[in-house]
Amino acid sequence: MNLKRTLALSHLLTGLLVSVMIIALLGTLRLLTPPIDTIGETLLHINAQSTQVANAVTSVVTYFRGLDTLGEVSILFLSIFGVALHMQHSTRNLFGAHDTLLQIGAQVLFPLIVLFGVYIITHGHLSPGGGFQGGVIIASAFVLRFLAYGDHYEPSARLLTLSESLSGAGLVLLGVLGLLLGDRIFAQILSLGTMGTLLSGGVIELVYLFVGLKVAAEMTLLSQHFIKARDV
Amino acid sequence: MFHFEATLLAHLFFGLSLLVILPLLRRRDLVLHLLLLLSLGILFYASSLATLFIGWEMMGWSSYFILASSARVATLQRYILFNLGGAFALLGAIALLYGFMGSLEYRDIDASLLPPWAMNAIALLLFVAVFVKSGIIGLHDWVVDSYSEATPLFSAILSAILSKAGIYLFIVMFMVLLKEGATEPLLFEIMAWLGVITSIVATFKAISQDEMRRLLAYSSIAQIGYIITILALMQGFALEAALYHTLIHTLIKLLLFMNIASIIAITQKERFSELGGMIYHAPVLFLLLVIGIIALAGMPLLGGFNSKFLIYTALLEEKRALLLGAVMFSSASAFLYCYKLVYGIYLGQRPQEASLHVSPKSYYLPQLLSAALLVLLALLPSLPVGYLSVIGVELGFAPLDDSNLFILQSAFGSFHGGALMGAFGVAFVALLGLLQLAHSKAKKVKDPLDISYCGEVPRSETNLHFGYGMGYELHRISFIAPLLRHHSRVLWDRLSLIASDFSALLSSLYSLSAQHVTLLALLLFTLLLLGGQ
Amino acid sequence: MLLLDLLLMLLIAYGFGFLYYGLYRNLSARVHGRFGPSLAQSFSDSIKLFVKEESTTFGWMFYLGPVIMASGAVLNVLFIPFLNQGESLQGLSSYGNLIVVLYLMVLGPLGNALGVGSSGNPFGVMGVTRGLTRLLALELPFYLAAIGVMIDAGSADFGIIMQAQSTQSNMFAHPLLFAAAFISFLGFMGKSPFDVVGAPQEVYSGPATEFSGKFLALLMSQSAMFSFAKLLLMVNLFWGGADHLGELVAKTFVLFVAATFIGSVYARFSTVQSVEFLIRIPTLLGIVGLALL
Amino acid sequence: MSLLYFVLLPLLALFLMPLYRKHLHIISVMLNLTLLTLALTCTHTLPMVERVAVDLPFAITFVLERASWLLLTLFTLIMSLVSLYHLRYGNDKALFVASTMLGVGVSGLILSHDLFNIYIFFEISSISAYLLTALNQDVKAYGGAIRYMIVGAFASLFLLLGIMLIYLSIGVLDIGAIAERFGLIEPRLQFLILLSLFIGFGIKAELFGLNFWVADIYQASRSSVGSLFSALLSKSYLFVLFHLTYLLHVSPSQLFFLGLIGALTFVAAEFSAFKSHESKRIFAFSTLGQIGIITLALSYADAMLSAAALMLILTHAVAKTALFLALDLLERHFHSSHSTIFARFHAPFLMGIIALAGLSLLGIPPFAGFVAKLSILTGLASLEAYGAVALILLISLIEAAYLFRLLTGFRQGTGKERLYVAWSHKLLLGFMVLLLLGFGLMPEPLLQLCQAAAASMLGGNHVPL
Amino acid sequence: MFDAFGSSALLHQAITLLCFIIFGVALFGVLVKKNLFNIFLAFSIAEAALFLFFIGNHYAAQLQAPILFEGLSRFDPAVMVDPLPQAMILTTIVIGIAVLALALTFVIRYYKLTGHMRIDEMDELGEDR
């Protein structure tokens, strides 16, 4: 009883604190006025000349701020590594469903989803989408398989890790090549092509390819580890 | 970082420090002792405050590690904390000086540029450093424990040499570097009285000790108290008196501690209550100790008187009657512990026949050397005066007269060491001869228990050595008892308790759950947001 | 010449010492309403003891103790000038000074204490302890007075101290200092109420417990000389010394009688009492006296 | 020579891991030594500026000036030492990945001049730190890691908020550009931004009020990991915090507030350590204490004090690394890190190392730590900050109390176990202590480096736009 | 859809208000929830609120996506939204996922080792451990 009351009181006080803080925050944020110009807008201006990529977000992600993306990919790698290290792996699937309809559906859908993912990746510089989105879509195909086949499905962990590592290494090498052949990281060492075509953007496309492959492998691994975690 | 300069003062102090190699007789902690010697060299020969501080700190920690082999943890804590406290005060003073001078080199320091408040702050900080090292009462806790728990040989080093570092620091700081500074005279007045109060209190504490080395530790504190008092006069003759006393005290404490080291080696006992009657087992040691205590008590016929004489006349010359009275009072009280020392160990009855070991022969050498020097100085009291007076001149004071080595000169009179020694010698020999020639024969009693004992016959189990408790009467004397009853340790213990409570409070903050940590962070954010603008 | 002078000084001290001791026994007896022994009683006692056939000793330190003590007394006599002018009876005073003498006064008791201690008799040591404890309070007022005298004269040298009193003796110039010194002096002389050291009822006559025969004789002789030296010191410090032997005798005698009378009427203080008394009244007198300097 | 190699090379080594998965410890040593060499070769080409992708003024920029060079060299040195230390213990995949990424994270943090990029490296180093904490895979490790993640996530929320507000109000991310335009922002909003950044970096830089998690995390992790946390992680966040502070020209009252926080950090940490009996916690508190002093010194924005603070960062990092590595040896032997283990072994060399490194940590001569402390004190004194001098000196006593209590164990007690220390470890630890002693005896070259570094740190943005 | 707000300033204020209410709720969850899983979930919500706030404040009525598509021929900030925030948020989302995955892994392992996942019962660290 007493404990409950203390708990309620502490919740009340915490709530009060948070509300006060939010109100104060909002009070200050009212003063927020949009800037005259931003570097994003500048980048938008020079995007056409420097990248020939129709999707400005993509050029920002992969080119102008390619280093961020590299870091992000490394974070993902680090996280997946941590999950793989600490989750004790088992062959038992948490979702042990054996629905034939689901399995056949999965069989049909799997290549389609993968294909869709590849499309998203390769057209990342033309339309919304890109390596991350496509990678996750590809991973979702694998998740579908996990759900459908239960214990009987076990993708080759070695292959997944290898593709993850190598695509990551490819990404870094691309950066290093830029440094060696060009004058900076992710320098445009390939021809830019014409804007709006599939083979435009030079290195950007390669970056997204590697990212897509990597994200696909990582997300698959991630879901595998959580789905097949031992006796939770 | 290291800048050195060879001065006579440095030579004097470093010459004394060479005794540090003494414990190598026992071949323990060779590296640490050499480090200690090195640190003393750095300290004394430094010509930059940074170098001086390096020497000071190295001395602190190397001695700490030597001490650590035998002392208790609490003692070690006390030792290092007090020493570092002093050292940090010194560091504070150095930093303050740097703030005004922009340099730490001795030659760049011009104290006349210091504003009075800064000079006084520096002086106060330096006082803390000097007082801690010298064990001024209230800051003396570490001295006694560490002296009594060090290895017997290292106690000798601690008392004979390391305790002098504070003296050196004072001389270098106040008589060389900050001589021109506008230090408030009241500070020196306070220092002088602190010195003499220390020597009085320490003397009483020494009398009431039961452990030999604790007694000597308090005695060291008391002796250094005189030096502090006399240095506070800031006069040339006072400086020379202080240096003379430093010299003498080093010799005496070396002799006494080595003597006690021998006794500990022989009996494995540390307390007066467990000792006694050693005179006939170790007559040479007894004689050496008697020489030591006569010198310690400052009686004529041994070197101890010379420095006392200089101290007294220096105080007389400054017309500091009350200060002198207090010093003499303390000095007279010292007879009591001097006698306790010799009685407790060598005289009286041996309590029980325990097995006796042999003292290492190497322990005799430093004792004999000190004793010989003390006798020599009694005969030629002006022997070191020439050297000391050169130091005085180096520091800008007038030279002393040392034309006749037999005569110790002062503004308030002089005495002839040779005449004193000669007269005593003649009288002693004549009276001894008279006694020998007397008709009656002295018969040695067979049994040491054959004594007048209120008509009773004491047996071997009767405790006849209760004289070791001498000085207990002091507890009944109303003005001394509080001094003996109260111990500054209580104060420090309470302080450490407060620190410990505070620490518990704070460390509980560091055991909060992650949620509470974020809550506090949010609270900080909110408060700053609301009130920070 | 010097040697003869010194011998003469010792002789005077020895003779007058015993004479005064005999007088003391008589005088205090008269004050107590008794008849004392003859004047020469103490002297003949000492001779008697000296020629006794046998005496016990506890070892070499026991043997040397009285010798050291007597040497201390001898030195005291030799280093205090008897007269305030002239060449004769100055002893070795030009080789020393007041501070030396003040410290020499402790040398004898120390030697004795060593001897007593080596006897292993706890009562002897008890006396020594009492003596030393009392000493620490006893010396303080005396030192204060001596410091006053030295500062006043600007020197620790006896000659100069006595010369400084040629117009007015210190007793009148600094009565408070004299009072302080005199109370201490009572103690130094072993007079009541400060005679707890040798209180025979409790501590078996104190430090002398185990001494017998020739040792006791030596102790008695030195005691006689020593007390004369103390009288001499008081006279020199406060009464301007003496111009000639007659004046010396007169002055010491007056001082001695005064001390004896006071000692005869007071009851003995315990150690603690005497310390507490000495540290209060005479010390305070001394401090005030110094302040007035 | 590109600055990006400090990021790219470790990443490459990580991604190519499947190629040499059995020799990760050797690769780690080679990698770190290479990076150290690279850092040292940069000495003569400072300051270096490198832009990613475009030549726009506000593109992502990597800058190596004297201050960041000093730290980068230190970080690569410490990483090399730690990897050399682990050489004996063979292949450890988790350690390799996490520590290499930590290296990437901290290098990026001090090199990058783009706020969002800094956020990325902030996250990289945080996640590697989570992984390092969980390295032992026991309850303590996971408990610690979870705590760390909660606090870390909270920190990154606020950091993100700060970055977003900056972009929303002035539209730039390069810190040089931010500094130029910061004045355009409404003052109250300015304050909110600074506050958010302070909370974000302050939590990670382990400042008082935000650092109550630290002791637990150090306790949960291995001692060798503690050396990385203490020498690299907190220092890099602190560096970024102050880099921003100096660039954004915060008001004197805000600097004073930082100084106050530094002093509080110092006092609270030293007092907390006083009662602690867990050596890893004690070392954690001692790290906090040093961070407090460094913060205090840096908050004066004074050339001399900043140089001293940098010096303290350097000496503290080396001394702490030596201590933590030595503690790691003990922990591996005793399977405990309670302070009583200090009294339970006998190994003269190791004891000497711990004692001497401890002395340097305390700022006791003749070790390098003393030079740093003396410079800080003299610097404070010449600014007439006597209160700070007194505080540092007083509280240092508390520090001495607990450090010496540990050291006392060496010469006390009986029945000590003889501890075997490998030659390679002796060499390594000896090297560190020699470094401390060497720079203690001849501090001038290092002091000059620190002074140059402080000048460039305080001089604001040196990037030629 | 947001044209109803009239001016973009009003829209931004509305978005800010909404997002920070969500943010506050999420923070409240972080601070009072005892289940570790819930706490990390609350962090995700708080992050999402920030993302929304950031992106939302960069949107204004009639602005297009910064993609050359369906007749747009040149990049013009006047008609296109700023691409940088989008890129930033993309990156941050991935980071958020990575952290969440790792956190949940730790929570799962912690649960397996101790049998609970309540934050107020975490007592494995501290002075006496």
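Think of it as A, B, C, D and E in the order they're written, each chain with its own count starting at 1.
Throughout what follows, contacts are C-beta pairs under 8 Å (C-beta built on N, C-alpha and C of every residue); 3 or more make two chains touch, one makes a residue touch a chain.
Just so we're clear, the structure is a prediction, and the values are computed from it rather than from any experiment.
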Highest C-beta pair count, chain pair: B-C
Centroid comparison with subunit D (C-alpha atoms), farthest chain: C
Centroid comparison with subunit A (C-alpha atoms), farthest chain: C
Distance from subunit E to subunit B - Cα centre to Cα centre, in angstrom: 70
Inter-centroid spacing, subunit D versus subunit B (mean Cα positions, whole Å): 45
Subunit A and subunit D, separation of their C-alpha mean positions in angstrom: 31
Residues within subunit E bordering two or more other chains: 27, 30-32, 39, 57, 82, 84-85, 88, 91, 95, 98-99, 102, 106, 109, 119, 122, 125-127
Where subunit D touches two or more other chains at once, by residue number: 116, 120, 123, 127, 130-131, 134, 137, 146-147, 150, 154, 167-168, 171, 173, 188, 191-192, 216, 275-276, 281
Subunit A, residues touching no fewer than two other chains: 14, 18, 21, 25, 28-29, 32, 34, 37-41, 43, 64-65, 68, 71-72, 75, 78-79, 82, 86
Complete list of chain pairs which touch one another: A-B, A-D, A-E, B-C, B-D, B-E, D-E
In the complex with subunit D, residue positions of subunit A that touch it: 25, 28-29, 31-43, 46, 50, 63-68, 70-72, 74-75, 77-79, 81-82, 85-86, 161-162, 165-166, 168-169, 171-173, 175-176, 179, 184-186
Of all residues in subunit B, those that touch subunit E in their complex: 507, 511, 513-515, 518-519, 522
Residue numbers on subunit A that touch subunit E, as the complex places them: 10-11, 14-15, 18-19, 21-22, 25-26, 29-30, 32, 34, 37-41, 43-45, 47-48, 54-57, 59-61, 64-65, 68-69, 71-72, 75-76, 78-80, 82-83, 86-88, 126-128, 132, 195-196, 222, 225-226, 229, 231-232
Residues of subunit E touching subunit D in the complex: 30, 36, 39-40, 43, 46-47, 50, 53-54, 57-58, 82, 84-85, 88, 91-92, 95, 98-99, 102-103, 106-107, 109-110, 113-114, 119, 122, 124-127, 129
List of subunit B residues in touch with subunit D within their complex: 1-2, 50, 53-54, 57-58, 60-61, 64-65, 68-69, 73, 76-77, 80-81, 84-85, 88-89, 91-92, 94-96, 98-99, 102, 104, 121, 499-500, 502-504, 506-507, 509-518, 520-522, 524-525, 528-529, 532-533
